[in-house]
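Two complexes are shown next, each including subunit A; its partner changes from subunit B in the first to subunit C in the second.
So, the complex of A and B:
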């Protein structure tokens, strides 16, 4: 009972933070749209070409723009001591990481979901590809949140090399890209690829709280 | 008996005994291997270019073996809190990177005359390229953090996460339909390579691993000396 109340309060706090930092999210989405425009300017506005490569471009730009604000994942909570206070209130580091992943998924990745159909209009994608993109993004963005949690907690004490966190997210998101873009190429293997994606999601949901909590403990000990 | 694998002082003692014989064995195996490669028969389809295999295959094996050693030492170092394993992780990462670069370079030199292209987006080739990126990230991570404990444990956990790539590399030729040929030596039943080509290949593998071992020993000794000065 107490635990549920604590989790509720945690999400209430995250919601407040989300309302305060909403401009950051909007600039992320703006980055996403602006990079789509730049891609179109660089490739030339041939409709057939854009339709054939649109899905891959949208996925990779979603990935790149979701790595933009990764440094904020834990840094504020770590620097003002909220992580320690939450731990003292009886939530373990692993559960904290799990809740943080869920809140990142709800407050950062889901708003991107609304912007995906608008982006698909620019590339004239057929409607079944848009459905596939939405389904794979709901599953794949959870993996991206897990990866972001791992790399952000890894770089808590890193004060020199800022780009390495984004590189790690990009490195481990290669299977996500392969399976989620591959859904459109073969129609009959839709179910199997979705199952593979869900399997990868479950693996990362299991692994990332453990490893992120290990990194956070290490960083708190050496702060 | 195997204490030298986890204790720096024992390691130094053991290495001082075996270092000179190791150099001599490495020289002998390298010259014998090169001689065998020179005498080995030409392939009836590939001609002279088959001799790239004697560089390509040993360096690919050693790139994988180096990563596997780093994975084992990361598990040991994290589980039993043995700091010598972190010394080894730091010391042998560049060696693995160099072997991976050798493998990729010789592979693309072999691919140009045989497949007609320097690079294809094949499962085996791509996964080895990702292995190279992981090695480079480990080398960069070694120069990132100020705090030593944070740096070492971060790298160890990163190595553990990145070891997912090893079975993908090994089985990529079986799982996907690739241009790269499937394994022909490591089959348990009978290798599908002729004995006249297997002999120089194994000799070159031995020579490569000896050279890698010598460089690894030198790097580990230098790292131990560096840490003793600061401790």
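So, the complex of A and C:
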């Protein structure tokens, strides 16, 4: 019973921080739109060309812009010791990581959903591709949150070079891109590809709390 | 009762402390005194199991804390030497978060009264990033009263505090000891508390 109350409090605090850091979210969305504009200007206004490559561009830019905010995933809580206080109140590191992944999914990735239909207008994508994109993004962004948690916890003690963290995210997100862009090219295998994506999500949801918690423990020991 | 038996800790073959024995009985207040860099904070981190000790064991109420870590944490308040409040949240939000985490039984009026004692009540809806270092330290120390745990472990509690607040803090320590509590703190100062046991590092 107390645990549920603590989890509720954790999300209340995350919501409070989300309100205070809303400028970060807007700057990420702005980065996403500006890079789409740059692609459109660079490729020229050929409708057929844009329509054929639009989906891939939107997915890769979503990936890049979601790696932008990864640095802040654990850093603030780690540096000011909130992780220790939460741990001392009876929440294990694994549960903390799991809650943090969920809160990153709800407060960073889900707001991006609003920007996806607007981005699809620029590429003149057909409506069923937009639906597919939304569904795959909801599943894929949870994978990205898990990957972000792993890379951010690995880089807790690394103050100078964060690009190594983005490399891990980009490397492991290749299957996500393959399956989620593949959904549109093969109509009849929609079900199986969605199942594959959900399977990858479940694997990462299982693996990332343990690995991130191990990295956090390691970082606390060597601080 | 906290018992520390034959504790050693070293970092990169650099021995910080060795064969340390310490026993904190109920109704006792202990200060760990030492020069800068003598390993005071490291000792506290080892006691709280955030750092792995090389040899030795720590017992809380007769049980090894490594096997019963959450029952040890359940009776411990740890005040760190740096600020643990979230800078972008207001004082009241921080307090509500802490009191919820420790399932505190204090009512809202009691909390407001505590804020008034430390003279930070007028800032209760201000974000903590706009407070001075002393005011933030006072806010941190509120967690002692808020969590109502038996063992208090404090790292440099006198930093940034003015004379009046130091007096209030010492009085709080004495009140806590009289209620069967245990206090363990590090400092390089010589505070004027009766029955203070000093451990030199």
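The rule is short, and it goes like this: the second predicted complex is superposed on the first by the 223 of 223 C-alpha atoms of A that agree within 3 Å, B and C clash if a C-alpha of one lies under 4 Å from a C-alpha of the other, contacts with A are read in each partner's own complex, and residues count from 1 in each chain.
Heads up, the rule we're going with is that contacts are C-beta pairs under 8 Å (C-beta built on N, C-alpha and C of every residue); 3 or more make two chains touch, one makes a residue touch a chain.
Given the structure is predicted, the values throughout are model-derived calculations rather than measurements.
In the superposition on chain A, contact of A:21 is made with subunit C only, not with subunit B. By the touch criterion stated above, A:154 is placed in contact with subunit B alone, subunit C being left untouched. Once the two complexes are laid over each other on the shared chain, residue contacts for A:3 go to neither subunit B nor subunit C. Of the two partner chains placed around the shared chain by superposition, subunit B is the only one that A:172 touches, whereas subunit C remains out of contact. Of the two partner chains placed around the shared chain by superposition, subunit B is the only one that A:207 touches, whereas subunit C remains out of contact. In the superposition on chain A, A:219 makes contact with subunit B only, not with subunit C. Contacts of A:164 after superposition on the shared chain: subunit B is touched, whereas subunit C is not. Residues common to the contacts of subunit A with subunit B and with subunit C across the two structures: 221. Note for the complex: subunit B touches subunit A at residues 130, 133-134, 137, 140-141, 143-147, 149-150, 153-154, 157-158, 161. On the side of subunit A, the complex with subunit B involves touching residues 150, 154, 157-161, 164, 167-168, 171-172, 174, 207, 211, 214-215, 218-219, 221-222. Subunit C contributes residues 48, 50-52, 70, 73-74, 76, 78, 80, 82-89, 93, 96-98, 100-103 to its touches with subunit A in the complex. For subunit A in complex with subunit C, the touching residues are 2, 5-6, 9, 12-13, 16-17, 20-21, 76, 80-82, 84-90, 220-221.
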